[in-house]
Every structure is written in C-alpha cells, then in structure tokens.
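Per-chain residue numbering starts at 1, and chain names A, B and C are given in the order in which the chains are listed.
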Amino acid sequence: MGATTHAGHHHEVHSDSHHHELGFWQKYIFSTDHKVIGIQYGVMSLLFMLFGFSLMMLMRWSIAYPDTPLPVLGKALQHVFGPDALPNGAMGPDLYNAFGAMHGTIMVFLAIVPLAFAAFGNYVVPLQIGAPDMAFPRVNMASFQCFFLGGVVMFASFFIPGGAAKSGWTSYSPLATLAERGIMFNGQTFWLIGMVLLITSSLLGAVNFIATIIQLRAPGMTWMRLPFFCWAQFITAFILLLAFPPLEAAGVMQLMDNLFGTSFFLPSGLMMGGTTPVPVSGGGSPLLWQHLFWFLAHPEVYVLILPAMGIISEIISNNTRKPLWGYKSLVYSVFAVGFISFIVWAHHMYLTGMGTKISTFFQTTTMIISIPSVIILTCLFISLWGGSIRFNTQMLFALAFLPMFGIGGLTGLPLGFNFSDLHLHDTYYVIAHFHYVVAPGTIFGLFAGIYHWYPKITGRFMNEFWGKVHFWLSLIFMNAVFQPMFLQGMHGMIRRMYNGGATYAAAANQVGLPPEIIDLNRWVSHGAWFLGLAQIPFIINFFWSIRGGKKVTNDNPWDATTLEWDTPTPPPHGNFDKPVAIYRGPYEYSVPGHATDFTMQSMPDKAAKH
Amino acid sequence: MEIPYNHEARPDTGLYNAKVGIWLFLASEVMLFGALFSAYILLRVGADPGTWPHGLLNIPIGTFNTAVLITSSVTVVLGWAALQMGNFAAYRKYQAVTILCALGFLGIKSFEYKDKFGHYEVWLKEPVTVKHGQKEVKTDRLLGHIDYNGTHPYFWKTETLAAKKVESFKFAPDPYHYTMSAKEMAHAKRDSAGIEHAEIEIKSSQVKRLSAFVPAHSTFFAIYFTLTALHGLHVLGGALVIAYIWGPGAKLWKTNPVQYTNRVEISGLFWHFVDLVWIFLFPVIYLL
Amino acid sequence: MEKLLGLPVLASEHGAEVDKFIIYVHYLMIVLFVGWGAYFLYAIWRFRSSRNPKASYAGVTSNVSSYLELAVAAVEIVLLVGFAVPLWARVADKFPPEKESQLMRVTGQQFAWGARYPGADGKFGKQDITLVSSANPMGLYQLDDKRKAEDPEGADDINLPANAEIAIPVNKDIIVSITSLDVIHSFKVPAFRLTQDAIPGLRLPIHFKATRTNTYQINCAQLCGVGHSNMKGIIKVVSQAEFDAWLKSKAGSAPVSFE
C-alpha cells in the first residue's frame, strides 16, 4: 500500500478541503499548520545560517591577513558600519568582536536550534506520530512569531550606534555591562532583548512538542514504537524547557545592570582604564552570570546535537534496509544525556579558581555523560553491520556524521579533564572541538535531513549528482578548516583574536607561536571560503528543485517504514486522509517472510505477509 | 480538522492537552524563579559584612498582601468548584473576588514601591552624630528622608546634586541603620517610636554617595525589585486572563461548558503557582 | 608524540605532567578513532548494496559492543581517578610554604598586566576596598595618608607599572595571586601550561615552578574588549642572583597609582 501512489487521494483531499480554503496570509504568513510553520522556521534559519557563516568568512580574512583592507567589500562595509569600524577598509578589533559574538549567537540560537528542533520537529514529529497537527497550533504560530521578532532585533543591532553585542556569545559580565556603557540601548541590550524573545519562542515550542508527543500519538503508537527521531526531539524539548529559564533570569538581571545601574554581576571597586571608578553599588558576582549562562549553555549543546542524531538514525536505518541496532539502548542513552547534561555545566569554568572538590564532581559527571554518547555512536556503527547500504546523498551525509561527531566528541575528553584543560582552555583546540560536533556533525545531519524529507515536502527530489558534489566538497573543506585548529590550539593559540595571534608570534629571544602555526590561518581561511563556494550547488539545487526537480511518483519514495511516508505528498492540512492505526515498531526492514523489504508501521500483519 | 483530546481527557494519560501544557509551562516557571532565588542566596552569602540591608521592608503591609493573595487562591478554587456544579452565578461572584484581590495586591505593592523610591541612604565623607534610639552615635552612613526646601524628592542619586546645583539639603535621619544587628535595630525603632527626630543639614560637598531605595542602591534592592516586579507581572498577566475568561470569554459557557470549565481550571492552576511564588518570596525577602 | 600533537616549548615543573596526561588521553582517543574508523570503512565497503543485496533483519547478535563500551568507561575512570583528580589537587590545593617561595601579585586591566612584589620582609602591604579611588585603584594603605602609618609592611613593596616586564627566579616555587581591576582577563602562559582567569573582586592564587630561563609571553586568554588580542605581557625567567639584582633595581619605586 505504501507503494501505491496517492494521486487518486490527492483530488479527494483537495475537493473536500475546498470549503475551508484559506487566503494567502492565512495560509503562508499567519498559518497555524505545523507543516507551514516548519517550513517558515526552515527557510529563515537557513538564511540565518548563511548569514552567520558570511560573518565568519569576513572574520577569517582579518585572521589570515590582519589589518589589511578587505578586498572589494572593505569600502562597502565602511559605508554600513562607519569608517572607524574598518580603518582604511580593514576589519578593526571592535567589529571583529561584534561579528564573532554574533556568529556564535546566530549559529546557535538563530540557525541550528530553529532548524534542527523547530523546523524538522514541527514538520516531521506530528506526521511520524500520526497526529493531525501540534497540540496547540496557535501557540505554535506565536512561537514562530517570537522567533521572527528575536531575529529582527538581533539583526537590527548591527546597525545601531556602537554596533552589535561584542562580548562573545557568552556575554560575560562585567565586560558585557561595561562595554559601550555610554550608550543606553547598546548592542548588548539588543542582544538581551533578542535573547528573551528567542527563549520565549523556544519555551512555547518545547511545551507544544512535549504535549503533542504525550497526547497526540495515534492509536497503537506506544512509547517503544516511537521513531528514534521523536525520542530525540522529546528529550531536546525537555532540555529547552528546563535549561532556558535560568538564562532568561540571567538575561533579565544583566538587563537591569545595563539599564538600571544595578550590580548583579559587578563586584565592588571596579576601575575603568585603571583610574576611573565605575559608579555602581558593587557587591555583585561575575561568576553568578557564568553559572547561570552555562547552566543553559551546556544542555544547549546537546540541543544542538540530539535532533541531528535523530535524523541520521532514521536515514541510516532506511538506507541500510535493516532495523536500528539497539533501539532501546539508544532511547535510554538520550534519556541519560538529557538528565546528566544538567550537572556538567561548570566544566566550562574549571579555571575560574575552582577547588578540588567541585572540579572533581564536574569532571566525573563530564566523563559520565560521554558514556551514553559513546553508546549512541556504537549502536549506530553496529547498525551498519549486515545492512544492504544505499549510498544516496542523505546517506553519505549521515555516514560522514559518525566519524565527524566522533572527532568532535573525542576531543571533548581532554577538555573534560581539568588538568589538561589547564593548557587547552580558551585555545583554538576548544574551537576545533565544538565545531567538529556542530559543523561537520550537526550541519551534516541537517543536510541529510533536508535531502531525505525534501520529496515529502515539495513532491520533488533534489538533484542527486549535485547533492553528491555538495557532500564531497563540504566534507573535504570542513576538515581543511577545523583539523588545523587542533594543532594551533595545542600550541597555545588563544581564541577571539582579530589578528589571529600575530601578537604572540615568536620573536628573537622570546618564546611564542612558531610562524608555521600562524601561517596555518591562511590555509584555514581559504578552506572556509571554499567551503562557502561548496554551498552554492546546494543553494541552487535547493531552490531549483522546487520547480525543476524529478517528480516523486510515490508517496514513499525511499521505501521507508515510518508514518510520515504514509501521507499524501505534500500532506494536506490535517495530514492524514484516512484514520491512522499503528501495528509495529518503527524500523521493520527486511522482515523475514514479508512481501517487501520494508513494512510500514501502519500495515496490519496480514497485509504485510503478501 | 479537530485536534484530539482538546477538551476530553486522553484515556491512557488521563489528561486533556491544555492540562499537560500548563504543567509543563509551570515547570519552566519553577526554573525561572528558582534561578532568581538561587541568585538571591549567592549574592547574600557573598555580600561583605554590613553591606546587606535588612529590616527596611514593611512587614505588616507584606503580611497583609500575603493574606490578600491567599484569599484569592481560595476563591479561585471555589469558583471552579461552583462551575463544575454548573452554578455559573456563584462562579461569577467568587472569581470577581479573585480579580479584586489581584488588583488590591498590585495597588498595595505599587504603594510600597513609591514609599521606597523616596527613602534614601547617604554615604558621607566625614561622620556626623545622630541619635540611634536613645543613644548618640557617630556614623558616615545615614538612612532617612530628604527635605529639599519643603519637597520630598524621589529617585535622587549622587549625580542629581550636581545636576540640580544643590549646595546643601535637609535630611531627616532614621534612628537606625542596617549595619546594626536585627535586634538592635528593633530596639532602636521601638525606643524612638513617636519621637520627631531632628533634621540635619548636609552639604553636597560632604556626600560621597547618595541613593534612594531603588534597584541601583544595592544588590539587595536589585534582587528585591527584580523578583517582586517579575512576580507582579505574573499577577497582572494572570488577573487579565482570569478577567477575560470571567467577562468577554464567558460566552463560551453557553456553547461549550466543558471547555469553559477547563479554561477556568487552567487559569486557576497558574494562579496557584503565582501565589506559591509569593509564599516563598515573602519570608525569604521580608523576614530573613 | 609531543611533536605529533604539537605541544609547545615546556618550561614548568607541573607542565611535564600536563603533557604526559594530554598524551595519555590522546592515546585513548586515537585507539577509539582508529579502531572504529577501520571497522566503519570495512563495514560500508563490505555491506554496500551491490555486494550485499539482502540485508539481515537480526544484524549483530553478539554483545561485543557492550564490552567495548565498558572498556571505554574503565579507561576513563582510570584517567580520572588515577591522574586528573590527584594531579589537579596538587596544582589547585597543595601550596608550597610561603617562606620558601617567591610571592607576587598580578593584576590584569584593560589592556595590560601589572605586578607587585613584597619587599625584603616578604609581606604585602594592606589593601582595603573602601580606600579605592581614582588615585588609589587598588585601595593600598600606602597611598592613603591617614592609613599609611598602620601599614609598615607595605612600605617596601615593589609595584611595577602595568606593561612593565615581569621577572621570576628559575627553579623556585612561585605563588602568584591573580586579580583584575575591570573586566575578566585570563593569565595564560602556554610554556608553563598555566591558565588562570583574572576575575575582578576575587584574588585567586596559583603556584608553579619555572624550569628554564628564557623570556616568555603572558597571553590574555579571556575576551576582555577591543584590546584583547594585544594584551600581551612579558615574563622573564632568570637565575636567583639576576632576579635579586633586578628586584633591587626596582626597589623604592613609589607605589604607582595603577598596578
């Protein structure tokens, strides 16, 4: 049945959906349909990802060629950000810091989270559990609108006096409060307001996801029949729900510091420029901010990875044509990750003067949390064994995810032991570590998801050839960019330097960074720019295929087993054109004695046999 | 298209959607206020001796406000119960009381705020002699009220003196300071009850720092105002929702009483949470 | 292996252990990566659809994997209990006796490092937050005419202006307490395998022993504003004799307003 086309159904669906035809605004802008909202999230977050990446491509110029005018763009940017932001067309440190902070903020909060959680979650989860929509469609719309506003505020902050927030995505106080103190509504204030909006959006989303998965599972969709992707989203939603509010509180407190002159995060006796006392009461604690920030930001990193893991699990099972190995341990592992991720945050603060007891606690939890990740990866590796592997584009990205995340994860270990962190903290080693998990890790997972679900969303395939070109180039250049950073980090090259460490170059009778390490910057930057070019085939493929791609002839083009492939293509408002019932687990591939090598969750045993 | 379990409970979970939603939302709210409370603890524990104000909040008023909120909590339940009995009129009465309590609470709170904004601490370069209770003390930190040719200004800070070109101003010092122990402070207050304490003249040149009891005064008032204001916003929000359901939203009772009752229940749950926060907030900030 | 990982010049005692430890951890990582990597490549070659058209429903039935996972856990425990914790305890808690060590205080500010040494008496002058003013950012008794008398120990302190070169004696325990005047900085000397955030309002002590005379760089590792990338300090490791001479030459330098 999955194999029969729904062309027939199509007409019915349309005809009977005529009497509640919605106008353009209702349908595309103020829609409450989870699929439309998912697409809204998707497109906006992809654009933000491109933007965040572009910022970094500009920064990479300054790192590779400090204080040299940006080719072509230098003058143009001067017009946007003012001449002193780019002295004679070269990126100044202030602009670099602003771009750096916004690169991090945008990539995390405006690109990956909305794409991995909100976009894929919104589109796929209700379909996979057999629900007509989210539990609270209007809340869902509100969530997107908050996200949109948050994005606008963040984007606007580039063009205000003083420029965007420039204290890192971590926004450590006192710097975040003292930088640009002259301007009341400065970049940092915008950042905080933007964050409050984004947090609100995530909270609304999280409530909605959890309620939907608990309440709207179709008959027969027991917990242990949930596709692993839904489990990943379920845990992710819980993390967002419980980890974000403390940052919201911290944000409010920092807003108070910036706008009302309080001293939540400002200790007594602060001196600017070495001689001017800061006119505040003092008595606050800079570490308080760090604790509240990392209490969110560590769980947040698992928010960045879990949905990607969910996506690639679906794709690996589908393209190995066999069940996921160890589905149960996968589920328990994400649970474990979810819980433990709340008690490891201070591993970002080992060098703030932590005693042995506390650091021992956080080292231990940090090591403990690496175990479930090991288990997850192991299960996925073993799932390959005995499969009949199809190497389509999404599978290539999914497979590449494994070693890439592996590298990123493994290099988390030396950071997790504070004795080695003593040397590696705040170096490019950290940068390399987490980019391996989020860039060739999460981003590859997301690419895989896009290639995988595109046919269901648009009714057309993306071009395989250009897909593979996109994959191989991305894989090569990702590694060209991030591999050298480990070496630079080991040499002690620190983060957040607009001149890429030129200051610390070894000099006659002075120990410092060897020239070849600094020269690596050029190599890395070129890698980044080529990585940018490598996205062009994808972007063209993405838009061109909407009209020009090969049509799907079948509602289940990948011969998959989960419910989203049992809907008309694209699914109508309300998703299912017939009552749904679930008879089996999510990954019944190559079941001995079944007619096809895939058995959909919605297929009764009798039908499956022949 | 109809979302399942919108009003009726799902058999295996025993809950309808909105109920799940509100509980989840409240969980996140717990984390929000939890973070602020832990911030309070951290700041208080970390404060240098003699810098953490105490005994400056109006406990009687606070207590009264607590009573007001608790009352509203009760009437919310009664209102919902009445509605389940199908007694719409009774529900209307009870819920009206709830809304009035909410407004009362906010009114009293804003009065409390206003009182703080006109109450000052001044740090002097040279100590002066004032009466604390019965005995004379030399101190360079005074609490009290500014009397600037007849007016009692609000929100003054150190910079204001220069901005307004104030050479000097009259200051009515309180007979106590929070650098005393709570016990001493109570005594000083009692001993000087009813006594008109003499105003003193303070030269602006003598002022090291001047601040009203505003968030910027100290981390104590910072956290006090942040917590209470955030709570106040919750009260306001809750009151608006309840009032909407009570007034314009009441049409639904005719068409779909089940859903209407659910709405009342949900808003009630939120209201209980808001009260609960205050039940924590009051002792922690006012009494401890 | 040091070369392979690209560990830089080493010039401190505990640094040797740090390097050893980093190398152990990387052995674990490399074993896991190579092992799984080999398996991974073999698996996707062996089970490509053209070679294995029919997938197996059961897949792997043995539970080797759980042993693998247990092994990883075991090694991590060893690294943690056997090395990381005790070694950290040594750097973080077990301070050498003050008499045998060279004390100093380092203060970060936008965008420079300044240092204080106690004079011959080996004791620092008193400081008090309430004395802090533009003229006396560190609230030194010495800079306060009224309190100066109460603070004989401070009289002979040596205060180097920010940005001045700092020197320390070789092969002697150094105890540095680190703080900041304004925002958070981070005192990092890669050659010493040392990082310590400089946090305003806190004075955080660290100790180490430099083992090689040379000139090294103090990096500011924590984003601290527009000058962050140029906040470099110079720290010289010299023989005890040279150090004493150097310190004498600086002696008597009036307590400069910024430190």
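The working rule: contacts are C-beta pairs under 8 Å (C-beta built on N, C-alpha and C of every residue); 3 or more make two chains touch, one makes a residue touch a chain.
A quick note: this is a predicted structure, and the numbers were derived from the prediction, not measured.
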Taking each chain's C-alpha mean as its centre, the one farthest from chain A: B
Distance-to-centre winner among chains (Cα means, whole assembly as reference): A
Between chain A and chain B, centroid-to-centroid distance (C-alpha), Å: 39
Distance from the mean Cα position of chain C to that of chain B, given in whole angstrom: 45
Separation of chain A from chain C, taking each centre as the mean of its C-alpha atoms, in whole Å: 32
Residue numbers of chain B (touch at least two other chains): 48
Sites on chain A at which at least two other chains make contact: 268, 285
Chain C: positions in contact with at least two other chains: 129
Footprint of chain A on chain C - complex, ascending: 5-9, 11, 15, 17-18, 21-22, 25-26, 28-29, 32-33, 36-37, 39-40, 43-44, 47-49, 52-60, 65, 68-69, 72-73, 76-77, 79-80, 83-85, 87-89, 91-93, 109-110, 129, 132-135, 137, 139, 162, 181-184, 186, 188, 190-191, 193-197, 199-202, 204, 214-217, 219-230, 232, 234, 257-258
Chain A residues within the chain C interface of the complex: 92-94, 97, 167-168, 172, 174-175, 178-179, 267-277, 282, 285-287, 320-323, 325-326, 351-356, 359-360, 363-364, 367, 370-371, 374-375, 377-379, 381-391, 399, 402-403, 406-407, 410-411, 413-414, 417-420, 422-427, 486-487, 490-492, 494-499, 501, 503-504, 509-512, 517, 589-592, 597
Of all residues in chain A, those that touch chain B in their complex: 131-133, 135-137, 139, 203, 206-208, 210-211, 214-216, 241-246, 248-250, 252-253, 256, 260-264, 268, 279-281, 283-285, 288, 291-292, 295, 573-574
For the chain B and chain A complex, residues of the former touching the latter: 1-5, 10, 13, 15-18, 20-21, 24-25, 27-29, 31-36, 39, 42-43, 46-48, 51, 158-159, 211, 214-219, 222-223, 226, 230
